[in-house]
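What follows is a set of structures for review.
The following pair of complexes shares a single chain, subunit A, combined with subunit B in the former and subunit C in the latter.
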Partner chain A sequence: MRHSFIDRYSALDSPLHLLEPRSKLVAFTTLIIAVLCIPANKGILFFMYFFATAILMGISQVPLTFIMGRVLVILPFIVLATLAAPWRGFPGLAILFIRAILCLLLLILLTNTTRFIELLRGLRKLGCPEILVMNLSFLYRYLFVLTEEAMRMKQARDCRRVGRAPFREELKILSSMLGTLLIRSFERAERMYSAMLSRGFSGEFQVYSPRIFSWRDLTFLSGAALFVVMTFLIL
Partner chain B sequence: MHIPDGFLTNRLAISLDILSGAGILYAAHRAKIEFSSRRVPIMGVLGAFVFAAQMLNFPILGGTSGHLIGGSLLAILLGPMAGSLTMATVIIAQALFLQDGGLIALGANIFNISAVTCFSGYGIFKLLGGSAGSGKRLLFAGLLSGWLSVMISSACCALMMSLSGAIPIHIGLTTMLGYHAIVGIVEGMLTAGVLSFLFKVRPDLMSIDGMGRFGAADWIGALAFVAIPACILVAAGSSSLPDPLQKLLTVNPPLPETAAGSEMLPSARYADYLMRGGLFVLFIGLWFAISRLTRHRRGGHEA
Partner chain C sequence: MTDYAVRITRLGYTYPDGTKALEGIDLDILPGERVAIVGPSGAGKSTLLLHLNGVLESTGSIRIMSSNLDSSNLQQIRKQVGLLFQDPNDQLFCPTVFEDVAFGPLNLSVPPGEIPRRVQKALADAGLDYSMRSRSSHHLSLGERRRVSLAAVLAMEPVILGMDEPTSNLDPRNRRHLINVISGLKATLIIATHDLELVLDVCSRTVLMDHGKIWADGETRAMLANAQLMEMHGLEVPLSLKAVGSG
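Now for the complex of A and B:
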């Protein structure tokens, strides 16, 4: 299952999508840490990592416009945080900016080439606690159900009034809306649990996933490791 | 505010990853013991609730709008452990879905936004006796716990950024606190409003807190758990160990780099790699070990 807004392209068939989630998680984390460790005076390393990221983006078949759209959403925060230190001079600012953008691109690539449920399964196999993984999967499944409910409530409020109420009134309306949403979430959780129990929930999720660790993953992992080691030791 | 990757020094970011990782594992362990299984989906659904609640904007001055952040509200309703676990879920989801906040900076974001907000919000609420009182007292305690928790969390964020040398401490503190003073007022008023609404409509939901009691011994443990690494971190941050980001942050990077790079190339460089590698291995090892421990106990519980 996937949402068209969050991960529209996570179910494609590219070589990157076919990898096992664990190997992708480990490889991308390593790449991001490597980017963070690039010393400031080695400009060429940034180019090499950017090149590698571009190749991965090409392999992944995720449309460039989609990735750029994602970057544009986060860009203001990065620019703001970068410009907080103007005395650092142009090279320092540029390197900080490039580093943040590279990490962002890698993260976008990781989350948009893996179905979320499989990513969670990978996290679980890497030792993430079951309860956290379960929380994340519930969040993913019910995110849009509750958002839709919130939007319906908002529409109902907007239909019933003209203009804007005084501050106190506005506050009261919004907090009772939030309270109602909270109560509905609680009740939904209770209903969900009864439904899960009646379908034989035993305390652990069983997720079917066809992905197993294969030669492909081995190639990808060793390729990433080789790349990181080479760029740091040889250059 | 979510910190993106690249703005914290690696040392700070990775040690906060370890700290938050250990905290999450402990919280998950406790939640497993204390939560009756009836409550299994509640944390996940409340995480989705936080996402949905952020769609409901509230107009403040000058066309800008604020929304509920939800940390202190969840902590008051679920107890600080489950509350911060839920907020951690939300932050991980924000990083994975929306790329809001970086992957390596995740530990820092979880520490600031989930742990600090939930524990300070809960502590303030309890100190003001909000749970016993009703009416005005509940409103007041909710308001103050929402406002102060946001302020403390933003101060922590400014402190981390300035420890990493990204912004000087006085500028960081004034801008972050100034901005969050307004955001925090909205947060406080909404927290108080929702609490008093719940108190009127469904008072039974207010007592869920009883499941995750947090006694004096727990508070001392939690404070020590955070304070000891923080002291080590501050001590290490003021030392002159090599760190790539700190090299970057010197005003004129090329001069010392070329001078130092040519003569003491091999030894200093490999010591640096060794240190980074060691940190990485330590991080992975710790994660693995703790997860093994908690998994083992769960296996016993099942049998």
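Now for the complex of A and C:
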């Protein structure tokens, strides 16, 4: 089975894709923090950041429709979060909304120009705790296994039923499927841990990571830093 | 005294829910021997394998290459005993093939400079090309996954190798390929399987388990040709032996 919901465009070779993951992580985090720090009364800065993000989006070669699709998926949450702070009044809410969308766009850009594995490697090299990175990598690895298991269960259910059951029945079937999936994952985790022990795991993760950091990364990093400093100097 | 690769004495194991999985198991295996463990599902074959490197603990004693298995030397024993699990999805938990194969050697404190060479050699020994190192496990076929799992175990350079159903669910070509790879291994092999043709191909000695006990232990051909014994324990004489018998 092939999956395309993750890493669909992260294997392109735009200049943004070719960067070392560490430089991207640092640059995008800096940009996101900068966006969060823009004072609400400096509307022009929002435009500048939006413009910069648009340029990055253009460079990245990730299709705009795809990015917009991703934004749409998260949009309801942003709207909810925005509406949860009604005391801010209209301009405040609008700023909150724009901030969130900008951060979201930057994150989408980061995760779709870097393969998930590379992202993990970048986090690791930046000194992110190994246990956290390992958990993320398990999440990535078993997301696919679990999806397949769920798909097979769905097929088995569809094979044995004719037409639609009443809503309550449907819910019952769904909940028992979810329960089974949970138990199976639990059992799998135990087998997996046995496999780790069998290969000498003793509670501490050992990592092999040769470092490559090029002039490209330096350029991109200093570019991003320069942009942030400049925008705040304009104030 | 003969030096055994594996010496199991009065091994017993009860699952947390009270089911007896293993009872009074005595088994000696010589270095370089290739032993098949056959028996119906639920006979305790996999459970026995999990004892070889101390993943499961129970009553009785296990000696591996002249040292008693206990909590003090677990790491040492796991260096010597490799286990191949039935489901490669349990065994391949890293994002890429390289990381999975390197996982064992890194835990054994192999110097980082030597890791790529180890991975390359293990992949080659399992019949795989080094170029597949950056692929993700979820993009591999089952046959490839099984071989990567084997490579991940071989990378630790074990002297004893336990395998749980290595050929299950493989198509004939992948199965044959894996059998060839297994036949070429130098380690002492303990293979738990239902694939009796594999047993005939690879193992000179067979141990028959049922209900957590050992019922027979001897030369492979003689045992597998014993129709009465086979049927009593939910097995069947392999076709190739039947053909010899009737022809």
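The rule we apply is simple: the second predicted complex is superposed on the first by the 171 of 235 C-alpha atoms of A that agree within 3 Å, B and C clash if a C-alpha of one lies under 4 Å from a C-alpha of the other, contacts with A are read in each partner's own complex, and residues count from 1 in each chain.
Following the convention adopted for this analysis, a contact is a pair of C-beta atoms (placed from the backbone, for glycine too) under 8 Å apart; a residue touches a chain by one contact, two chains touch by 3 or more.
No experiment lies behind these values; they were computed from the predicted model shown.
Undergrad: Is the number of subunit A residues in contact higher for subunit B or for subunit C?
TA: Comparing touch counts on subunit A for subunit B and subunit C gives B.
Undergrad: Between subunit B and subunit C, whom does A:I117 touch in the aligned arrangement: first, second, both, or neither?
TA: second
Undergrad: In the overlay, answer first, second, both or neither for which of subunit B and subunit C A:R188 touches.
TA: both
Undergrad: Considering only the touch criterion stated at the top, classify A:Y140 as touching first (subunit B), second (subunit C), both, or neither.
TA: Both partners, subunit B and subunit C.
Undergrad: For A:E170, using the defined touch cut-off, is the partner it touches subunit B, subunit C, both, or neither? Pick first, second, both or neither.
TA: A:E170 sits against subunit B, while subunit C stays out of touch.
Undergrad: Name the contact category of A:F227: first (subunit B only), second (subunit C only), both, or neither.
TA: neither
Undergrad: After lining up the shared chain so the two structures overlap, which partner does A:G200 touch, if you call subunit B first and subunit C second: first, second, both or neither?
TA: The second partner, subunit C, only.
Undergrad: May I ask you to decide whether A:E130 touches subunit B, subunit C, both, or neither, giving the answer as first, second, both or neither?
TA: It touches subunit B, and subunit C stays clear.
Undergrad: Once the two structures are fitted together, what part of subunit A is touched by subunit B and by subunit C alike?
TA: Dual-contact residues (subunit A): 116, 137-138, 140, 142, 145, 188, 192, 196.
Undergrad: Applying the document's contact rule, which stretches of subunit A touch subunit B when the two form their complex?
TA: Against subunit B, subunit A makes touches at 6-7, 28-29, 32-33, 35-41, 70, 73-74, 77-78, 81, 84-85, 87-89, 91-92, 95-96, 99-100, 103-104, 107-108, 110-111, 116, 119, 127-132, 134-140, 142-143, 145-147, 149-151, 153-154, 164, 170-172, 174-183, 185-186, 188-190, 192-193, 196, 203, 232.
Undergrad: Applying the document's contact rule, which stretches of subunit C touch subunit A when the two form their complex?
TA: 50, 53, 55, 75, 78-79, 81-83, 85, 87, 89-96, 99, 102-104, 106-109, 112, 115, 136-139, 152-153, 156
Undergrad: For a test of understanding, state which residues of subunit A touch subunit C in their complex under the given definition.
TA: Within the complex, subunit A touches subunit C at residues 2-3, 116-117, 120, 137-138, 140-142, 144-145, 188, 191-192, 194-202, 206-208.
Undergrad: Can you tell me which positions in subunit B touch subunit A when the two form their complex?
TA: 1-7, 10, 13, 24-25, 28-29, 31-32, 37-49, 51-53, 55-56, 58-59, 68, 77, 85-86, 88-90, 92-93, 95-100, 102-104, 161, 166-168, 171-172, 189-190, 192-194, 196-198, 201-202, 205, 244-245, 247-249, 251-254, 257-258, 261, 273, 276, 280, 287-288, 291-292, 294-295, 298, 302
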